[in-house]
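Both complexes shown next keep chain A, but they swap its partner, so chain B is in the first and chain C is in the second.
After this line comes the complex of A and B, so read on.
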């Protein structure tokens, strides 16, 4: 008889189901349509970032500069419009900046062969520093009248569904199609699974690695625009926050191994849902800040411990830097 | 032939002697009197350095203080240098330590919390450096504290919210800053002081949003879904409460939920947002006033020549309540662009 294989994705999903059911039964006001929408809306930006990170992690890399890509290009958009430029000009310039940033990241990792951890750590610092020193006047870039209408990206609703959720769902569909239905997606899995085998079989690994980081940066910028539109400003200081750990958490918790080649969009969705459910329920219960951190820590620890018991490391495939 | 210029000169001479005769007394009566204190004052200031250690540059408060202090002291030949801690408590402590050996005349310190710099500030004063603390004080009292009285801010914001809640649901929410920040904890104390007087007011949520607009929005959205009849919110900083206001607006409750907050009173961050209806009350600790207070106390300390730490006092900033009534009036708020250019 084939033994039942329990994956991390399965574990996290069951934790999510148990928590969700528990809250739905015992917490009044949790299981309402409007609260469900709020729950999703609050983690939509985190989810979009998770998708960007997933593309890179599946290809056996990591992108620590994602928050810089979230903060700086959208900040540039708001700043340029504030200075009197048109919105389309500002968007074009920011997109070019993001593109260039992704290309530099990709080049450093694919051609200069700098480990992605260090390359993106440094490039993220550089971009955030550039923003603070040269591009922005204040670290919170305020909304200005020239952006009239653009807040629709992060506020308002389509058919009763808040915009950030619509953006997240849209991004999920696009990334899922890219990963599962295109050649490039298949190649990224191949590179993540075994880069040397991928290269030997004729896959252009270097350009594809560059593509991963360009896509991640562009998705990061999209997440930033949604965030800025939803709070009517771009708090560029977010770069100094711990958001990047939350993003990695969503990805790893969802079951995309850092060793690469595994997982997909569904894993990001599950990771995001679990984090969202916990945050939402604890806010409703008005749990104190330290209490929230405690609960978050315990749940995550439980997931990781359960995984390492049920799926012990395979010494033959385990790699340096595998988490 | 006599030149015309000579003629003019003769004419002037005649006029002047006529005036002198009319006065009757000796022609040299108007002689200046030396004011004995301005010379030493100028000497005490000239060439001295004031160091400024904010928790970070690049936001309206710290940029405004820097511009204001420079404007007030540089004309006296003083140098104002900035050591940007950039949100790192370690970097800030290191900056203060280095400054102690560099011996500037005075250090303006913006504390990230009440403990970290306390010992260092004590040492600096023992080394003969005047310490001025701005807006966020440490547990050690130095020559001067210039800044907002957070307890008063908490009390006044809450009073306003409680008043707006009269005859309504009496349900309010609190959006705190970061738990480690004294400013946030003091403000919360002020809130508690007032709420103790109104037992009928119920706090349905009191959460820390880490001075982060996105977090404030997420929390407020969840709270508003659970309590659509919420009548007021006490926010702890206008820079963060942009998010709180966005959540209220999205729920279609602008004008129904009274949002009181506080901040440095910059045009875009305060008056414009009150005008747009995002905030109902924004208590402003006017940054140019705080900068002038710091300039004044530095002038006083340096010219007095007293040993640092021998006298200790506080200059709490007089708060300006920004509401719909005065938000549109020029001068209620200040503009960073202008202050930098002046």
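After this line comes the complex of A and C, so read on.
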């Protein structure tokens, strides 16, 4: 019989279940349909970003430029429409910008062999700076009448389910199929697990790394569009916020190891749900913003420490089992 | 009889339930040179790793100077006076000799001049000809070993363990190394010496212990041994006799010329290397570490790149090739089975079946856009059966398997790509004896089926027993070629080191 392995994913999920049950019983107003929808709606954008980050992290990389991809291309859409262009033209141009951005990221990392941490840190700063300096007239790109109908992406509903949740679920399904059912997905796991073995097995590792960053950027743009449509503007200063840390929190908390090759969409969902539940409950309990950060930090550390105790990376120590 | 300085009683170490050593008794007297011999996978390395605190015993006891104690880390072992000089040495290449000597014992204010003077005096007292200010990366293998030994002596080691110390040394360096070992003995240090080279063991040691399949066979004074008795103790069983038969019954004739390499260069490892590989036979490639044999075939498989200018020619079935990545080489039917499976062999988070399936996907490429779960399962099952991988099920992760089974998975991952030129690099390194026989049979079968098979090995009996043609590499090129009919161990060794 195989011994029961306690995974980080399992721990986080049980923490989520315990917290959720606790709040449901002890926190009035938590377990209502409207609050549940609010909870999900608040974390939908975060969850979509988590999916983008997951693709890159599974391939043993990290993408710190995600927030730039979230802020700038949708900002460009709003700006172009404001300047009198049609919505479809604006969307096309923004998508091309995002594509180019992902390609540059991927090229830097795969071909120029810049570590992903530095490459995306720099490229994100560049894109955000470019947007603020050259593309947008105001830091918050305002809504304009030409966007009529577009707000449905953030404010509409399908069968009573708010659109951001629908988009998150849709993105989950698409990314899950990509990672688990396609050859490219299998190769990304292989690269994240052991890049040397992947390369010598004949996997085209470099093009696949580029693909990861292109996909991440495009999913980031989708998240940005959903965000812009729900708040009727694009606050491009979001780049200076701590959102990127929340994204990493979701991914790591969900159990997608930064070492690569582990985890999947389910982990993003679990991470997102836990964060969503915590944030929602803390908001109901009226915990201050700094207090919320404190709790998030403690939870993340606890999850990472639990993981390194339960799943020691070193094979030698794993065999000894004395850690 | 005095108390032995180091003693093991009924020592057993299990790796994933498989014993690497089982119920071994071993004792080391003060100031003796004790040789430890045995076949690959006999448990020599595991036994010494236990003593050096690298791994801990599953059961059994260890005594140092009569006191029961088990070091849990190499540092603890060192503090107890047991130091190990590894095959891959553990020096910091970017630091100087003196810095390496005093590594970990630096004073709070680390004055370089001070440690250079101390190192100079110390090295002179040992009569070692090493410059303390030289960077370790610049030193040759023998000098690096001297630094390792000096460090062990400096740490007042009472027991020094050498794992294959002479494998990468030239004959002159070997002679010097033996003088060093005798000097250590004179100082009252006990030495454990692992070696494949029996002559060395017979020459230098006071006592010899023979291990076989993780068990203790015999320990006796060297004077009571001769080469024949050691080999008899090492081999012991029929399986080993068939494994490394003295000579092949028949030599397969060369078929079509599959691979031709001419004047291949990759600074600094490969220098004007030229060789050919033919279909339908096993080409054995022998050479010491650093002879450029691995690099040559990694270039052919697209894993490494040759020099851009004057890099030489590689011709595959009459067609010149220059791969930038391994992917096109895989499509052209070249497979390279790595010597270092942990680093570049398998995917540790994946199941056995998925590991093999990744190989198939990489070969099929565009023809298989979607992952077919049923196909993955079938392919996994097929290769587990074909290579007789012993695992509880195909969902088991590869890290959980024994070395031999891991190696079979790495081989399956390549064979699923239907290669016609297969390069095995040290195919039986760290593989248990039973699996060695199976891997050897597989190598023979692949050659019988008409494939061109290359087997790189630094273990002479393996080369002798499996090859139809033997190429010997030295300093970046093939220097000699033998037919298996007229090769002898002495001839091959002579070509490899002179």
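Everything that follows uses one rule, which is that the second predicted complex is superposed on the first by the 309 of 323 C-alpha atoms of A that agree within 3 Å, B and C clash if a C-alpha of one lies under 4 Å from a C-alpha of the other, contacts with A are read in each partner's own complex, and residues count from 1 in each chain.
The rule is simple: contacts are C-beta pairs under 8 Å (C-beta built on N, C-alpha and C of every residue); 3 or more make two chains touch, one makes a residue touch a chain.
This one's a predicted model, so the numbers in the text were calculated from it and none came from an experiment.
K.L.:
Considering only the touch criterion stated at the top, classify A:231 as touching first (chain B), second (chain C), both, or neither.
P.N.:
first
K.L.:
Quick check on the superposed pair: does A:286 touch chain B, chain C, both, or neither? Answer first, second, both or neither.
P.N.:
first
K.L.:
Examine A:32 and indicate which partner it touches, taking first as chain B and second as chain C; both and neither are also allowed.
P.N.:
It touches chain B, and chain C stays clear.
K.L.:
Thinking of the overlay built on chain A, is A:136 touched by chain B (first), by chain C (second), by both, or by neither?
P.N.:
Touch partner of A:136: chain B, not chain C.
K.L.:
Quick one: is A:262 in contact with chain B, with chain C, with both, or with neither? Answer first, second, both or neither.
P.N.:
The answer is second: A:262 touches chain C but not chain B.
K.L.:
What is the contact status of A:200 with respect to chain B (first) and chain C (second): first, second, both, or neither?
P.N.:
second
K.L.:
So, does A:187 touch the first partner chain B, the second partner chain C, both, or neither?
P.N.:
second
K.L.:
So which bits of chain A does chain B touch that chain C touches too?
P.N.:
Correct list for chain A: none, the interfaces share no residue.
K.L.:
Which stretch or stretches of chain C touch chain A in the complex?
P.N.:
Against chain A, chain C makes touches at 15-16, 54-56, 301, 303, 325-327, 329-331, 336, 338, 342-350, 354, 357-359, 361-363, 365, 368-371, 392, 399, 413-414, 417.
K.L.:
Within the complex, which stretch of chain B touches chain A?
P.N.:
Per the touch definition, chain B meets chain A at residues 56, 58-60, 63, 86-87, 179, 204-208, 210, 212-214, 217-219, 221-223, 225-226, 239, 242-243, 245-246, 249-250, 268-269, 336.
K.L.:
Touching chain B in the complex: which residues of chain A?
P.N.:
29, 32, 34-35, 38-39, 41-42, 45, 132, 136-140, 142, 155-156, 162, 227, 230-233, 235, 237-238, 240-241, 279-280, 283-284, 286, 289-290
K.L.:
Hey, which residues of chain A end up touching chain C in the complex?
P.N.:
Residue positions touching the partner: 2, 180-183, 185-187, 189-190, 193-194, 196-206, 261-262, 315-316, 318-320, 322.
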